[in-house]
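Each in structure tokens, the structures are laid out below.
Paired with chain B in one complex and with chain C in the other, chain A is shared by the two complexes that follow.
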Partner chain A sequence: MTGFLRLMRAEWTKLRSVRSTVVCLVFAVGLVALTAAIGGSGSTTDANSSGPPHADSVQFAFQSLDGDGSITARLVSQQETGPDAKAGLLLRTAVEQNSPYAAIMVTAGYGVRWQGNFAPDVAGTVGKAPRWLRLTRSGGTVTGFESPDGKAWAQVGSVTLPDAPRAVAVGMFVASPPTGLKNVRRGPGATESGPDWTVSTAVFDSVAVVTATGAPVDGAWQNIDTSGPLPELPDTEITGSFTRDGDRFTLTGAGNLGLLPYGYGADSDVVRDSFSGIYLSAIAIAVLSVLFITSEFSRGVIRITFAINPRRGRVLAAKAAVLGLVAFVTGVFSAVVAFLISQPLLRDNGFRPPAYPDYSLTDWVVVRAVLGTGLILALFALFALAMGTLLRRGAGAITLAIGVLVFPFIIGAFLSLEAESWLRRLTPMAGLAVQQTMRRLDDVITPGPGLAVLASYVVVALGLAYWQLRRRDP
Partner chain B sequence: MSIEVRGLRKSFGRTLAVDDLSFTVAPGRVTGFVGPNGAGKSTTMRMILGLDRPDAGTALVGGRPYRSLLRPLTEVGALLDASAIHPGRRAKDHLLWQAHSAGLPSRRVDEVLEQVGLSAVARKRAGGFSLGMRQRLGIAGALLGDPRVLMFDEPVNGLDPEGIVWIRELLRAQAARGRAILISSHLMGELEGTADHLIVIGRGRLVADAGVSELVSAASGDRVVVRTSQRSEAITVLANAGATVASTDRDTVTVGGMPGERITALLGAAGVPFSELKAHRASLEETYMELTRETVEYTGQDLTVGEVR
Partner chain C sequence: MVMLLALRTEWTKFRTVRSSGWLLVGVAGLTVSLSTLTCLSFRVDSCLPEPGTTCDVDTTRLALIGVYLGQVAAVILGVLVAGSEYATAMMHASLTAVPRRAAVFVAKAWVVLIPVLAAGLPGVYGALLAAQAIQPGNGFTTANGYARLSLTDPLTVRAGFGTVLYLGLVALLGLGIAMAVRSTVTAISTVLTLLFGFPFLAMLVSEPRWKEWLTEYSPMSAGLAVQATRGLDTLPVGPWQGLGVLAAYAGAALLMGGAAFKLRDA
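Let's look at the complex of A and B:
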């Protein structure tokens, strides 16, 4: 081991004693910092201008309730289009979008939930359909109950609605949020994206609307999409539907209701975006890594290296270790600098809670993205080192190493969306997934597997380089 | 410790660079390794250092293959190519990484820089060095591990006269300490006064492997130089008597295949005056020309004709 440390020390001496190293590293850090500064000051958002991010787009079948009373119904079945698919009872002070409301519902993934006017959800039991649900109204106060059998009732939540009028709308609703992103390629590089809505169907029976005295209210049922039809790509609209067959009420619809999860309104990953200068610093690192070995081949210094250490594999390993460490530290340092530069700028430009998360350097996803940036640069340095070892010529190896990084970006724009997403999964750029700090619907690969894809390219490239180094005279 | 090369063969594509080459570099003397450019000297040295893989044969250092040496830099110091330097690296750093790599203390760097006379430019980047300075830097690297075998490829190239004297003294001193030294050159004159022993190769094959004095006397042959004012008469007389005669200068002829006494008798009988009669002694350069000319003339044939033992 001490022998290997000696080798690493020798390789470190080689690396630090030439000016091109310093130049490349300054470029690597500087370009990330510059990109972060430009991106941070140039981006603005109004995501927080309309209050906390929330949704109110449901298919609502309702009638009017004058004064106090209640609505009871049994949710017979619910089509589980995703964990956030919702079906249940809804009381609104008006049918217009974003009116004050209260709702008790069954979700496909999280059991019974209570929502009191865009406040955070309250959890009931984990039961699924069939399920009995009830809303009672007394003045401005609405209370939600659930029951497995329609006999034993348990209260889930209660809310007082501001300025509640005497007549409110009560009824059943269904909503089904998008579980993916729909992309339409309009031309090379021109892609339009929108939510990929799913439509869920819910069936209710035993519906009873009664006054406080228990008298049945038998008004006329109407239905509405509270946000109007939902636009969907390429150029279609989704509208819900409502049918009644005796006591059997069937609703279909897409959409969502309630407060959106923390950071859900953010349509961009501000941390990852602030690291986008990594592409430029990867180029600087590729140049440095390729030259680290090809400058030895071109001048014959490699013969001195191998004369002192005839075990060529160990020399390559020492070079890889030193280069990997230097690139890792450079990547981590650049990421920290980029984060510290960009986040205050972005916060001032509207990227702040509640629509956008308020991350600090100690949050796990940020730590992962920062260390991940170091790992990406380290792996990329090793890939470039392997290319340099294989080709032994600087120009060719630099072109190849950078080409492998950039090629998927360029060619991807001309492919079908399906082919492009596979390109993003299977080429070294998959490793960039480690910079994600939020789950976006257009992410094609998660951090762990993404890094593994990049690492396997590096392992194969280094394996070939080692084989070539042993086989061919220097 | 010595270098032993046995039956070494190496070809690059269709070109046979080294062909069945065998020789020994013994300790305590300077062995010159001579041949025209492209004769296979550098290839042979690279094979000794385990850099190029021979197609056949072995090269042993102290009885072992180079690549199995535990600390090669302390066993063999080599200068293969003076331009094997990163131009952006300072002279001191160029030696420092080699010292780290071989596990030698950093002070060795200052010592060898002093030894080759580069202390003053230790902090200068090697890109600005003259060829002579690069040679010195390369030699410094070879001396780092104070090895028992030294191997220099064309070290005199680019050295100024002072440098040539310096390297001669260095090599003589190292040989006196019992080091085995192999030094290549394509100009035999460079080795005159330095080498004790010569290995001459041409087209990858061994042409001669002998001591310097043996080689010179062999090349001189049993020829006699005759100084005479009547050159053409002398040539006629001697040639008629069966000698091979060549006129080498305005008033001298070189006579082969005839002992001195018979020349004296013949010239005396014919009344040709002559002032001097002496055995011919070839210079190292002439010897070399003689030997390598044969390698060119006898291409494709058995070349043992040039081998003198």
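Let's look at the complex of A and C:
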């Protein structure tokens, strides 16, 4: 072991005593910092300008309730298009989008929920349809109840709506959020993303709207999509529907209701984006790694190295260990610098709570992304070292090492979307998934498997390099 | 006379290295291949217009997309003409034979430029011919509002010749940088970063003003504006001005490389 440590020390001396090493490392950190500064100052958002991110796009079948009263209904069935599919009772001060509202609903994945006017959900029981639901209104206060049998009622939540008029709209609603992103090509290399809507059907019966004294209200039922028709890519629209067959009310529709969690849809992963400069610094690291081995070949130093240490595999291992460590430390350092530069800039440009999280360097996802950035650079350095060992010529090795990084990017934009997503899963760029700090609907691979893909390229490349190094004369 | 001698020695060095031939084949071959593949995969309905608009695909630009890859071979060629002499200390012998450094430098530039232009011409016109044959079959017909790609149309001629010039200019950019940094590895990575780095940064920012700025001053994005045949009034930088931006980069690199060559020991 001490022998190997001595070997590592020798390689470290060779690496640090070359001026180009320092230049490359300065560039590696500098390019990440520069990219973070440009990305941070050049990106703005107005996500917070209309309050916290929320949705109000439901199919609503309603009638008017004048004064105090209540609505009761049994949700007979709900088509489970995703965990966030919603169906239930809704009371709104007006039918216009984003009017104050209260709602009691059954969700496909999280049981009964109560929403009081864009406040966070309140959970009821973990029941599914069939389920009895009720909303009562007394002045400006609306209360939601649920029941398994229509006899024993339990209160779930209550809210006081601002400026509630005498006449409000009460009725049933259905909503079904997108479960993914739909991408279309608008031209070569131009992709547009939009929600991939699902449409859910809900059936209600035993619907009863009554006044405070218990007198039935039997107004005319109307229906509306509260946001209007929902646009869907490429150029279609989704409209909900409402049919009544005696006591049986059937609603279909897409959409969503209530506060949206951060990252819903296609928001930016602000932390990952601030580390984008890693692509450019990987080029600087590749130069360093390729030169680390090819300069020994071109100047014949490799013969001296092998004369001192005839075990070539150990020499390669020592080079890999030194280089990997240097690249890892560089990656972690540049990620920390990029984070500290970009986050204040982005916060000033609108990327702040509640629409965007306020991450600090100690949050686990950030720690993972920072350490992951180091790992990516280390693996990439080893890949470039393997290319240099295999080809022994700087020009070819650097072209291959950079090509592996840049080529999938260029080609991907001109392929079909399906082919592009496979390219992002199977080429070394899959390793960049470790920088994700949130789950976006358009991510094609998760951090662990992504890093494994990159690592397997490195293992194969180093294996080939080892085989060639033993086989060929230096 | 010295100039002729320098040209002859540089040309002999160039043509007797095996990599030169392969790289020239690469310039033409990669351009044609990527263009052909893209034209084959891109159908008229691959582009979905926004509601109420038409797609208006620039079919000439689409046909010349292969230059994204072909330029890499041109850059390497430009770099190797200078850089490989430093790697093997051949430069000492070169300067002993022809001590006039300015002549050596100018000769190198010609030896890079002419073969790259000569390889770029078949590459570009091969790509255009392939596109001419493929595109109508993919729905780019007059019925769909796309005129057949014509090699004599003035805009296409500008795009074609402009692209050939583009290839020559990036090769000269490679030569200049290689003369300045004297290392093939550093030069190739510097030029590729210059070319691909700007469009990459433009992807990262959301402000249109920044995007435009990063396109106007990018050697690749600005240089390839010369390929545009549609939507000319919406380009951030005009076709010839764009190529001029790239020429400015190449000129600056050559000046830097020339000065370094003149002033430093070999």
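Note that in this section the second predicted complex is superposed on the first by the 469 of 474 C-alpha atoms of A that agree within 3 Å, B and C clash if a C-alpha of one lies under 4 Å from a C-alpha of the other, contacts with A are read in each partner's own complex, and residues count from 1 in each chain.
Basically, a contact is a pair of C-beta atoms (placed from the backbone, for glycine too) under 8 Å apart; a residue touches a chain by one contact, two chains touch by 3 or more.
Every value quoted in this text rests on a predicted model; they were computed, and no experiment measured them.
Enquirer: With both complexes superposed on chain A, which partner does A:7 reach: first (chain B), second (chain C), both or neither?
Expert: Only chain B; A:7 stays clear of chain C.
Enquirer: Which partner, once the models are overlaid, touches more of chain A's residues, chain C or chain B?
Expert: C
Enquirer: Output check: A:395 vs chain B and chain C. Expected answer is one of first, second, both, neither. What do you get?
Expert: So A:395 only meets chain C here.
Enquirer: Looking at the overlay, does A:20 come into contact with chain B only (first), chain C only (second), both, or neither?
Expert: Once the two structures are laid over each other on A, A:20 reaches both partners.
Enquirer: Check the residue A:301 against both partner chains and state whether it touches chain B (first), chain C (second), both, or neither.
Expert: first
Enquirer: Can A:279 be said to touch chain B (first), chain C (second), both, or neither?
Expert: second
Enquirer: So in the superposed three-chain picture, is A:44 touching just chain B, just chain C, both, or none of them (first/second/both/neither)?
Expert: Second partner only.
Enquirer: Who does A:310 touch here: chain B (first), chain C (second), both, or neither?
Expert: first
Enquirer: Jot down the residues of chain A that show up as touching in both complexes, chain B in one and chain C in the other.
Expert: Shared contact residues on chain A (touching chain B in one complex, chain C in the other): 20.
Enquirer: Sort out for me which residues of chain A touch chain B in the complex.
Expert: Going by the criterion above, the answer is residues 3, 6-7, 9-11, 13-14, 17-20, 295-296, 299-301, 303-311, 473-474.
Enquirer: Please name which positions on chain C make contact with chain A in the complex.
Expert: Residue list for chain C touching chain A: 19, 34, 37-38, 41-42, 46-51, 55, 57, 62, 65, 68-69, 72, 76, 79-80, 83-84, 87-88, 183-186, 188-189, 192-193, 196-197, 200-201, 204-207, 210-211.
Enquirer: Help me check something: in the complex, which residues belonging to chain B touch chain A?
Expert: Listed in rising order, the residues are 46, 49-53, 66-67, 69, 72-73, 76, 78, 80-81, 83-90, 93-94, 96-98, 100-103, 141.
Enquirer: Show which residues of chain A lie in contact with chain C when the two form their complex.
Expert: Touch residues, chain A against chain C: 20, 35, 38-39, 41-45, 184-188, 233-235, 273, 276, 279-280, 283-284, 286-287, 290-291, 294, 298, 394-395, 397-399, 402-403, 406, 410-411, 414-416.
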